[in-house]
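Have a look at the structure below before the remarks.
When the chains are written out, they are named A, B, C and D in that same order, and each has its own residue count from 1.
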Amino acid sequence: MEALAFVLGCPLAGSLILAFTGHRDVARDVNVAFSFATFVAACTLTVRVVSSGPFLAASEEFFIDPLNVFLVTLTAFVGLTTSLFSRPYMRIEQVHGNMTPARMRLYHSMYQLFGFTMLVALTTNNMGILWVAMEAATLTTVLLVSVYRTAASLEAAWKYFILCGVGIALALFGTVLLYMAAEKIFGSEGGALLWTHLDSAKGRLDPNIITLAFAFLFIGYGTKVGLVPLHNWLPDAHAEGPTPVSAVLSGLLLNVAMYALLRCKVLTDGALDTDLAGKLLMAFGLVSVVIAAFFLSRQKDVKRMFAYSSIEHMGLIAFAFGLGGPIANFAGLLHMTVHSLTKSAIFFAVGHATQKAGTQVMSEIRGLIKVSPTVGWGMMLGSLAILGMPPFGVFASEFLILTTAMREQPWATPFLLLALGVAFASVFGRVLPMVFGETTVKALPHAPALLPVFSHLALGLMLGVYIPPYLVGWYTQAARMLGG
Amino acid sequence: MSQLAGQLINLFAAVILMLAFAMLSQRRILSLIHLFTLQGLTLAAATAVVGYVTAQPHLYLSAGLTFVLKVLLIPMLLHRMIERLDVRWDVEALINVPTTMLIGIVLVIFAFNLAEPISRLSSSIAGGTLGIALACVLLSFTMMIIRSKAVPQVIGFLSMENALFFAATSATTGMPMVVELGIALDVLVGILILGVFMFQIREQFDSLDIRHLEKLKDN
Amino acid sequence: MAGLLDPTHWLALDVALTVVVAWLSVAVLGLFALRRLGWVAKVLFPAGGAIALLLFAVALVALFSAPQTAVLPLGLPGLPFHLRLDPLAAFFLMVIGAASAGVSAFAAGYFRKGEGTPPGLLCLEYHLFIASMTMVVLADDAYTFMVMWETMALSSFFLVIANHRIAEIRQAGYLYLLVAHVGAIGILLCFGVLQANTGDYTFANMRAQRLTPFWGSVAFLLALFGFGAKAGILPLHVWLPEAHPAAPSPVSALMSGVMLKTAIYGLLRVGFDLLHVQLWWWGVLLLALGLASAVFGVVFAAVQVDMKRLLAYSSIENIGLVFAGIGLAVLFSAYGMKPMSALALTAALYHVAGHAFFKSLLFVGTGSVLHATGQRSLGKLGGLIRYMPWVAWLTLLGTLTSAGLPPLAGFVSEWLLLQSFLFTPGLPSSFLNMLIPVVAALIALVAALSGYTMVKFFGVIFLGQPREENLVHSHPAGTWERVGMAWLAAGCVALGLLPVQFIQAIDPVTRQLVAAGLGSTVAASGWLLVPVDIERASYGPVVFLLGLAASFALAFALVRRLYHGRLRRASPWDCGYPWQTARMQDTAEGFGQPIRQIFEPFFRMQRELPSPFDREPRYRVVVGDHFWDWLYRPVADLVERMSRWIGQLQQGRIAVYLLYSFLTLVGVLIVVKR
Amino acid sequence: MSVLGSLSQLLEIVVALLLAPLLVGWVNQWRAWLQNKSAPGVLQPYRVLHKLFNKESVLAQHASPLFRSAPYIVFSCMLLASAIIPTLSTDLPLAPAADAIALVGLFALARVFISLAAMDVGTAFGTMGARREMLIGFLAEPALLMVLFSASLIPKSTSLATIVETLAHRELAIYPSLAFAGVAFTMISLAENARVPVDNPATHLELTMIHEALILEYSGRHLALLEWAASLKLFAYSCLGLALFLPWGVAEAHAPLELVLALPVLILKLALAGLLLAEKETANAKMRIFRVPEFLGTAFLLAVIGVLVHILLGA
């Protein structure tokens, strides 16, 4: 309970404080401090849940169960490492003159607020609040994306805002329908939107309404997950914002959206006897994987490329949850974890690489391994990991997903094979010359932050060869909640 | 009494739908804002009536909220914005209004057809309005698609929010208060941010024509 | 892992694991001594070699002991790392251990300063590579297998691009890893079929499954795709002639000599062990692919002008022969002719072992040459036998083995293979019987052509006169290099002279896979190799060698005894044209010319013929591979076209994006409405 | 291995060593006569060998040990070959050590060494000769193998002794496959022994010679050994052909009488064979080197067809 209060309180307080002090040099460290506090609180919360099971809080408005607590911890952790990364990164940005003090203030405050909204979205028990939090997350990230105030960043932010705004609006419509269905059972008292109630009564929800509701919720949250063809905001937003923001966007926000989608899926599966939700997820997931793979082979901008790779992986995750069943759900959750770890690590490395080369155009970044071996290796290993090379964790989940798909949906495997092959060819073919070979780039004014990169990669590596038992228990419980 | 109220709500629904159509075909930004204000007003009224019928005090609150937000605050903001950006007398050329109308009608039929089974077994006094709300959502969506200037696009976005509110209040008897507050807050912040953006876009591209925002692409 | 604390009753498997751990620790030590070449070269690599010898010994023991299993507390939940050491695994462990021992010793003398990647890192990657190969063979569940398989690919990739300054090498590495990865996905899907929806990925479970012929064939084809890609079978071979030359020579040796064998292992494991029944057409398919690769490989090897490319192509040839043998074994066992199947399988395995030795030997030989001269192009070498005799004579052994000449290893496997073909006309299907002579003829042709290629290889590098002045200063190989090469050469000779003993060692493997073996029949007739019975066929390499040696000695003695041994050195006959230079010798291109002429349709040739009016006339011929045009370019173009087409989706207009969302919404609504 | 066996083995080796040059002399003599030239004596090859052994041998400056050891290796290969081919008897202690396939391998070994030796000196001719020799080799070798296969399919065995035994001492049967094999074998042995139409032993015309180009740098005892080896090769091939295609008269195990009888029969057969060879060499013209692959390819195909025919007719 208190832990929860801290989890939500720290970032909120942080954003308020940094809203005034964010332009000072100390702010970077304050940012880290608050993120660290959040992380600690999240850990205690996790311990609590793992030891004594799920619980409700604040008159049932908040609900902590294995499914969301593991995302909470993940969010807090990546938030922490990203803040660590953003210390030197933003410092260098200031030196390069891309960030004014005012913008620094905005950046730091919004960074914490963004974390807050995500944590609320994860922990709330109220589908309405979930929606509110998602919208709020959108708003904060819009500000973060546009922080450079360049033409490109404005365009990206605008598109991001409009597309996600519309998407989220549709989700609201879905929520209204959900409420409408629930109202018949619970009456118009507040309880009707509480997920726990809905979950307990999902068998009795009216299928017609739920079907329609899920359609809207799917489109709505699917937009934020970045499922093709609702993905168009994603590459722009990732490419034009500051790199730490890109890291949290694809590392965390996509996960949160996916989480919202999963909550809806559980209700829908309960209410309908058809496997509508699963089918939709599978179809859109597969399309996303294939289309994103082909987009990958056209990229010139490094951050854009990895944004598309995020779309691809989200598609894979959606496909996994669509498959359903204990193994596939487990694989999906695992993939969410390793993807956010690996992808954010990649963005850290990419951030320093782009700062070194002074450009995001891949053809102009060369021979990182010569200038700073650590960044080079970070990028190399990260890319290999994200491409599903063992012993990194992404491989573990892809292994489970593909092998399960091979027998449950054989027709899908050729597409997956094609997509993964194309993705590998495109990404690796571009990363290789960036990392190896001759170079002309120069050193940085400040030392890059390497702890985040390699801690993430190490974790990803560990999840590939060894998953700690409590983590396993955690995953399996979560998978069970997803109707595995 | 109650079925009079029901008819009243249906009337409001019709008005809102009509206003949506009007917006879809309206060329001038200023009148767009007026239409939007009207829509907000109707929405507030409808909410109040629903509150009166179902005797739910918190609906009055949300009616008031709607009034303040969508009749006073946002229109005012919009007015000041177009004042500053001096696009008050802007007229944008729409492609072929009749076609858009036809599309709109098709959408309305589609929406009704979609909502029909639900409305039938809807408990609340005016469940039939769900179809209208859905239609409004789709219409505003279309509007956003065909508008090529920033402000009208935003207004389309807002009218979509209106439709959602309408669905929330009339189809169901109002969302929980906390949710409504949250939504309202989001909308407000959103419109503020959009406002800021418009100025920045303006100074970047010295125009609000979003056709300038087509640099980032992959083809 | 029972009694791990008490070394007295360790199982062979425990020792094998210890070997892996030891290698890993050596690797880590290398990471700590990143740039201290002396330490890495003179301590770590020899240590790795010694460990490899231990592996070799333990594998030899394990061959004759019952399967042992262990479970490591790693891996996925409910799917820890299962390990199993059965005869099949033991055989390949033996190959790995033996070959990598020699290569490690050589590597100790090979790596120099200033070659791209720092030596410590090379040491790390190198030992990671051999350790992962060992684990691939030990793996007993799909996940462990895949993890180790890809680790193997990854570490070898980094070794290939050790000298990453050069763009071609990066390209080669890229192609290599790409093919490896796609192949790996194929294998992964194959396991997906084999686990048959049980969600249990252990091989034990897969053995228990009884797949329908359809699913069985799907699994087999996927496995063939995956492992074929790794083995460099047509048409997935293109990476091989690029990657093997690009790597440092010890690495090329390991990749050609050992890594390709893991693909063979995988194919055997899936085809014979995990799949409970074989279909006859699998055998035909394997046979066809194998022969195609063999002919293709040897023909291309014959026309190469880069010594390492030549060897790479010859690897394709040898792997093709192994595939042919396996195909025959599948064919036989599909018709329930167990002993014949065992014979074919023995031939294949024998060739696996032999190839591991002689190809590694040849590659490290080129390594020494490369170091001594800095030349890879045959056109610029020659006469080295006088400057680096050790390398020359040891390489000669490898060359003769590779040419399939008695009494060395290559001949034995060739002999066994031909024997198994000779007995084929007992197959129930007359159509297949028709096929056999053609197949046998092709194999004979391949063998003869490899002789041609090897004469070219050895003759142009080591014999004749130096084609460049600086070759005169090329220094002989160091001690470690000699030790490594000597070990490998000894292997070639031993395999050639002791087929009986070695076939007895293979016997448990064939018994495990096809429930039959040659061990007993062979053991019956002492030193004579008699696969079936003395009346049908027999071959006694020792007697053979003794006969040769005796007549050699006799002739020598008699000539010396009866006549004088006067000898005079003079310059060779210049047929009246005293201005001959070393450049007037026949070149590698020249040596390949007849092949280019006879097998013209095989090649994509661009000739540059000189005209009599050129100021400085030059002749140039570039020999290319048709498969690029037939298979790879089209695929690449297709992907390119598709991505360009898909790229149209993302054209920057927000209205269009909104339209997408809108249409998707409507579409989904329509779908759910139904 | 019986006493008689070892005896016949010894006898075979001696016979081979003695008769081989004689056969060459015989062929040359007849060829001269057929070409209306005055012929050298039948014993001429012996005289040549004696002369060469007595001469001092001249070595190129940078010739390597490989160059010097090659003649001995080649010689011993040929000796071993003619020892394992059942010319007089099928009861040979050495025979089990090497069957038909090993025999082909043996010839290949010799070829590889002579070619390497030729490349060692590094003159244009040596390498060219080596290349041509290997070219002929890689076509002739599989063809020979196929010929032996089509023979070995009859007794289902690759052991030469068994083959000859079956062919010689079974009731007379017509094997159509052997007809093809025979033709193929003739062509192969012409090519392998550097005979017209593939090569001309009597010329040193630089652009066309093959065998002579190989041994161009040799002299003295080394040359003598190589010449002797060449004649042994011719002898071995002829005996192989005779053993396969008219095997009658070859002694079986434990039949001393047959053994005594076998020698004259063999000589008779060889004389006839030599006569035919001389006739053929006179009647035909040498072909261009580029036509050789076609020639040998035909032989290869014929041999394969032979095997096919055997399997088709199930005979």
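Following the convention adopted for this analysis, contacts are C-beta pairs under 8 Å (C-beta built on N, C-alpha and C of every residue); 3 or more make two chains touch, one makes a residue touch a chain.
All values derive from a computational prediction rather than experimental measurement.
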Leading chain pair when contacts are tallied as C-beta pairs: C-D
Whole-Å gap between the CA centroids of chain A and chain C: 44
Rounded Å distance, chain B centre to chain D centre (Cα mean): 102
Distance between the centres, which are taken as Cα means, of chain C and chain B, whole angstrom: 70
Chain A and chain B, separation of their C-alpha mean positions in angstrom: 31
Numbers and ranges of chain D residues touching at least 2 other chains: none
Two or more partner chains touched - positions in chain B: 114, 141, 144, 210, 213-216, 218
Multi-chain contact residues (two or more partners), chain C: 647, 649-650, 654, 658, 665, 669
Chain pairs in mutual contact under the definition given at the outset: A-B, A-C, B-C, C-D
In the complex, chain B residues that touch chain C: 110, 113-114, 138, 141-142, 144-148, 210-211, 213-219
Chain C to chain A touching residues, read off their complex: 73-77, 142-143, 146-147, 150-151, 154, 161, 164-165, 167, 170, 173-174, 177-178, 181-182, 185-186, 188-189, 191-193, 195-197, 199, 201, 639-640, 642-644, 646-647, 649-650, 654, 657-658, 660-661, 664-665, 668-669, 671-672
Chain D-touching residues of chain C, taken from the complex the two chains share: 382-383, 385-386, 396, 400, 403-406, 411, 414-415, 418-419, 422-423, 425, 433-434, 436-438, 440-441, 444-445, 447-449, 451-452, 454-456, 458-460, 463-465, 528, 534-541, 543-544, 547-552, 554-556, 559, 562-575, 580, 582, 584-586, 590-591, 593-594, 597-598
Complex contact set, residues of chain A against chain B: 61, 126, 128-129, 131-132, 135-136, 139, 142-143, 146, 149, 151-152, 154-159, 161-162, 165-166, 169-170, 172-173, 176-177, 179-180, 183-184, 188, 190, 192-193, 206, 208-209, 212, 235-236, 239-240, 295, 298-299, 304
Chain A residues touching chain C - in the complex, by the definition given at the top: 158-159, 162-163, 166-167, 170, 211-212, 214-216, 218-219, 223, 229-230, 232-233, 235, 276, 280, 291, 294-295, 297-298, 326-327, 330, 369, 384, 387-391, 395-396, 399-400, 402-408, 413, 417, 420-422, 424-425, 428-429, 432-433, 436-438, 464-467, 469, 472, 475-476
